[in-house]
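In structure tokens below, several structures.
Note that chain A is present in both complexes that follow, paired respectively with chain B and with chain C.
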Partner chain A sequence: MTLKIGQNTIICDSSELEGDITIGSNCVLHPFSRIIAKDGPIVIGDGNLLEANCVLINEKKGTRDSSAPMRIGNYNRFEIGSEVRSLTIGNCNVIGIKTKLERGSVLKDGIVIAPTVNVKDGVQVQNYTVMFHKPELIVNISSESQKEENKLSTTEQIDFLKNMLPKYNNIRN
Partner chain B sequence: MSSPKVEFKCNCNTLRNLSGLYCCTQCSKLSCNYCCETKIDSYFCPVSLTGLSSDEVTSSLCKSNNRFQCPQCESQLVFQAITENSSQKLYLSCNYCRYRSDTAIGLTFKSMNEIHKEYLAKERLSHTGNDMESLKEYYSKISKEMLKLREFNSGKFHRLLNVINSPYKSSPRLRKKFSTGRNFSPMRSIYSNRYSQNERTKSGGSTVGNNKGEGGENKDDKFSSSLMSSKKTYGSVLPNSKKMKFNYTNLEEAIEKRKDKITNTIHKTEKIQWTDQIPKELKNKFDVTQITSLSQRFSQLATQPRKLSELSPQRIRLMNKKSKQCPHCQHTLIKPEINPNKSTFKIKKLALMIFPQIFISKIPATFQTDKQSELVISFKNPTFNEMKISDLEISSSPLSDLDQDQEQNENEKKEETTANIVVKGKEFSINGYDESAQFTDITLEEETTQETNDDPEFIQQRKLNKVYLRISITPTKSVEMLQIGLKFKVSCVLQSKFESEASVIISLGKVN
Partner chain C sequence: MEIETKTFDPNQYLVTKPGNKISNKSILRGSQRIILSGKSIIKENTMIRGDLATTSFGKFCIIEKDCVIKPPYRRFQNQVVFYQLSIGNFNIIGENSVISSASIGNFVEIGKNCIIERGCILKDCCKILDGTILPAETVVAPYQIYGGKPGKLIGSLPESRLEYFQDYCIELYNSFIPKKK
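== the complex of A and B ==
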């Protein structure tokens, strides 16, 4: 049970943290967000945003599954109610409302996953892709500029939240 | 196995849930969504919720003026600004699938009015352009040909023959010769004509004239002779008789030619043994990620593009508000408010607000043949006044068959009966809906139930505005779906006195 938190991160009091967790600098954790490191440590980079009711779990799928650390890069945004079990996530991604990332899926950089998409086991999502329902799953590959757009939108939101969240919530010291 | 359900019968003999029916208070008849007449009241934009007049609708081709739809996911597009070479420009972007008009097709513009005018000009061209006229010409040719064939098939030719033969009907001798009969069909005569010709060649040059006297033995010969003779004598009267070739062989050829045309355009489908991996030949042919889906193609009907790169943003289509009329007496059944912000109705005559709702409250787990089982049905009164139900009839055969022909069905009835049903009573009343009664004590309710003198074998219990009926069923056959038909009269007081009939079918389940 070790907890390492970087500079200028804001963690609300009603969020749950379990197990070995390291969080980088300039992150924001909303109330009721959960990080649970059951079968291995979770390492989160800088400038990440976890919205309400979103869950990051490092849990074995079966008895045969081996334990491994979960690594998340920089400037990712996990929107409301998203459930993340994949072990490797790159930089500058946006994971939409109520999406599910199963264990064994791999995300790279500059990805947008639209609301209610289920990324299954063994799927490797390439750089700059967009996944959305219509009503079947459609995968598009957009330009490189998407990475910067995602980074801009998350950093803007974090700057706004750093001022607003401490006024209305109890914050962990 | 379908679950048990209760369905009401509409006046157009279709079975529907009570929530899908309207009830006219003037003529007290039920009508469903399909048999009532619809009328469009107003148009409005579904995004900005602004109403449009009829002139505006025609000028804007039934589409929104300043809202655009994403070509990939059909959600709303947003205007966004960028600065290029020290001048501001707008582009359209989707927040859901990250579609951008400037990167996808290079569509940028200065103002919102500019792009709207551009799109209107394009769409008007597609409505009144040269393509439409050429299409019209092409289809008018086809329709003329089809009309000719249809006239020939529908017996217009046959009627023509009758008119010609009419003066000869007065004399019995000639009537025998030229009588075509009711069952005359041109195809049959052509076939018989050919048949008789073949016979004639076999028999060795015997003419039709020889057969005239022996007529009556072979019907086909008779028809053929009449046609041949009419051709001989009255061929000059028929203007198109020579042009229209009635030979069976010619028709066959024509049909085969048509078939060839169709088969050239449409390729036959072939079955592919599907494996986990997509075959390499297909992978090289198509890039699956770059092909549009059907719904994407239908969203822009004028172009119907195949590749994703050819998709372009479209204007959002307008929605409308409809009012419905009774098919029997032309009174309005339902009418919405014109203001698009409101979701209420000016007039609302639903069957749910007048007729009693019927529920199955107790049903045995399995039905077995020659075994008595109890069924409990509840009636719920939606009105505020007391409701009376009379002439209750319950039968085991569904009512739709009973109404058609009573005489025919009397014999079938005995065969069709799948269960013996016993109900002890025909009339009862249901209390009105009372909001205050729901908050009273339970002890008070018990007192009210004691006051009524109901037969406990007919009415199980009463609760507020509900009545529970007892029905005993003994199925005689093993059927996949046991059905019960109810028929009763409803009388209640709305604004004035209201009376009507209703027929209900309850499907219960499988009989072992």
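== the complex of A and C ==
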């Protein structure tokens, strides 16, 4: 049970951290966000934003499944109620409200996933993809500028929240 | 109109002087900036984020379980600003919904499992069906029904909706009473 937290990272007191977790610098964890490393460690990069009720779980799917570390890149945003079991996530992604990423899915860079989309086991999501319901699931490839856009919107929000959250919430030291 | 009465444990709920019934298990962050006008019900596990910006509620707002109510944000000049969320009188918000709209009018019904993204504006007397996702900055006109993924115009409501829904909200509030020992 080790917990490593980088510089300038804000973790609210009511968020739940369990197991071997490494969090980079400049991250923000909203109240009631959860990170649970049951079967293997979780490594989170710099500048990530975890909103309320969102869960990152490293858990084996069955008895045959081997344990592996879960790696999350830099500048990702996980919105309200999202559930992430995927082991590899790249940089600058936006995961929408109540989205589920199953174990075995792989995400690359600059991806936007719209609310309530379910990314299944074995799906490899390519760079600059947009996934949304219309009402059936539609997958589009966007341009490279989407990656910069995602990164900007996340870092701007983190800058605001760093000043605002400590005023009204208890912060874990 | 008859609605069956629902009882609650008086130890689990807080009844304030203006008539708000608030569950002990609800999560109210930044309670200095949450304004309840009175006669509202807030049920278990509902989260209201007053720490980001002021959120105000009118009278007879009924908020069911497991909702998240979070003020919207806007980006300009390389900055993010969270701004006020205002909810009017006589509204029902269903279970498990996520509300991040800019304003909600009066007599609005929002179903279960809805997602209303940032900056939406819901005018008076509209209805959002169960499981709807309204994309960011949608405007819903008065007396309209929206549904689907993404939310689209499905139909319209009769003019009698206003009086009917007002009575319905008052009935719902009055039928939610503490259990007698």
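Methods note: the second predicted complex is superposed on the first by the 173 of 173 C-alpha atoms of A that agree within 3 Å, B and C clash if a C-alpha of one lies under 4 Å from a C-alpha of the other, contacts with A are read in each partner's own complex, and residues count from 1 in each chain.
Convention: a residue touches a chain if its C-beta (ideal position, glycine included) is under 8 Å from a C-beta of that chain, and two chains touch if they have at least 3 such contacts.
On a predicted model such as this, the values are computed, not experimentally measured, just so you know.
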Requested in this report: Quick one: classify A:32 as touching chain B (first), chain C (second), both or neither.
Outcome: second
Requested in this report: Considering only touches as defined above, state whether A:97 meets chain B (first), chain C (second), both or neither.
Outcome: second
Query raised in the report: Now for A:141: first (chain B), second (chain C), both, or neither, which partner does it touch?
Result: first
Report task. Specify the partner with more touching residues on chain A, choosing between chain B and chain C. Result -> C
Report task. Quick one: classify A:171 as touching chain B (first), chain C (second), both or neither. Result -> neither
Report summary line: After superposition on chain A, the chain A residues reached by both chain B and chain C are 114-115, 132, 134
**Report entry** Partner chain A, residues of chain C touching it in the complex
**Finding:** 27, 29-30, 32-33, 47, 49-52, 68, 70, 73, 75, 78-82, 98, 115, 117, 133, 148-150
Report summary line: In their shared complex, chain A is touched by residues of chain B numbered 72-74, 96-98, 100, 103, 289, 293, 295, 308
Query - In the complex with chain B, residue positions of chain A that touch it - result: 112, 114-115, 130, 132, 134, 136, 138-143, 145-146
Query raised in the report: Which part of chain A faces chain C closely enough to touch in the complex?
Result: 31-32, 52-53, 80-81, 97-98, 114-116, 132-135, 152-153, 156-157, 159-160, 164-165, 167-169
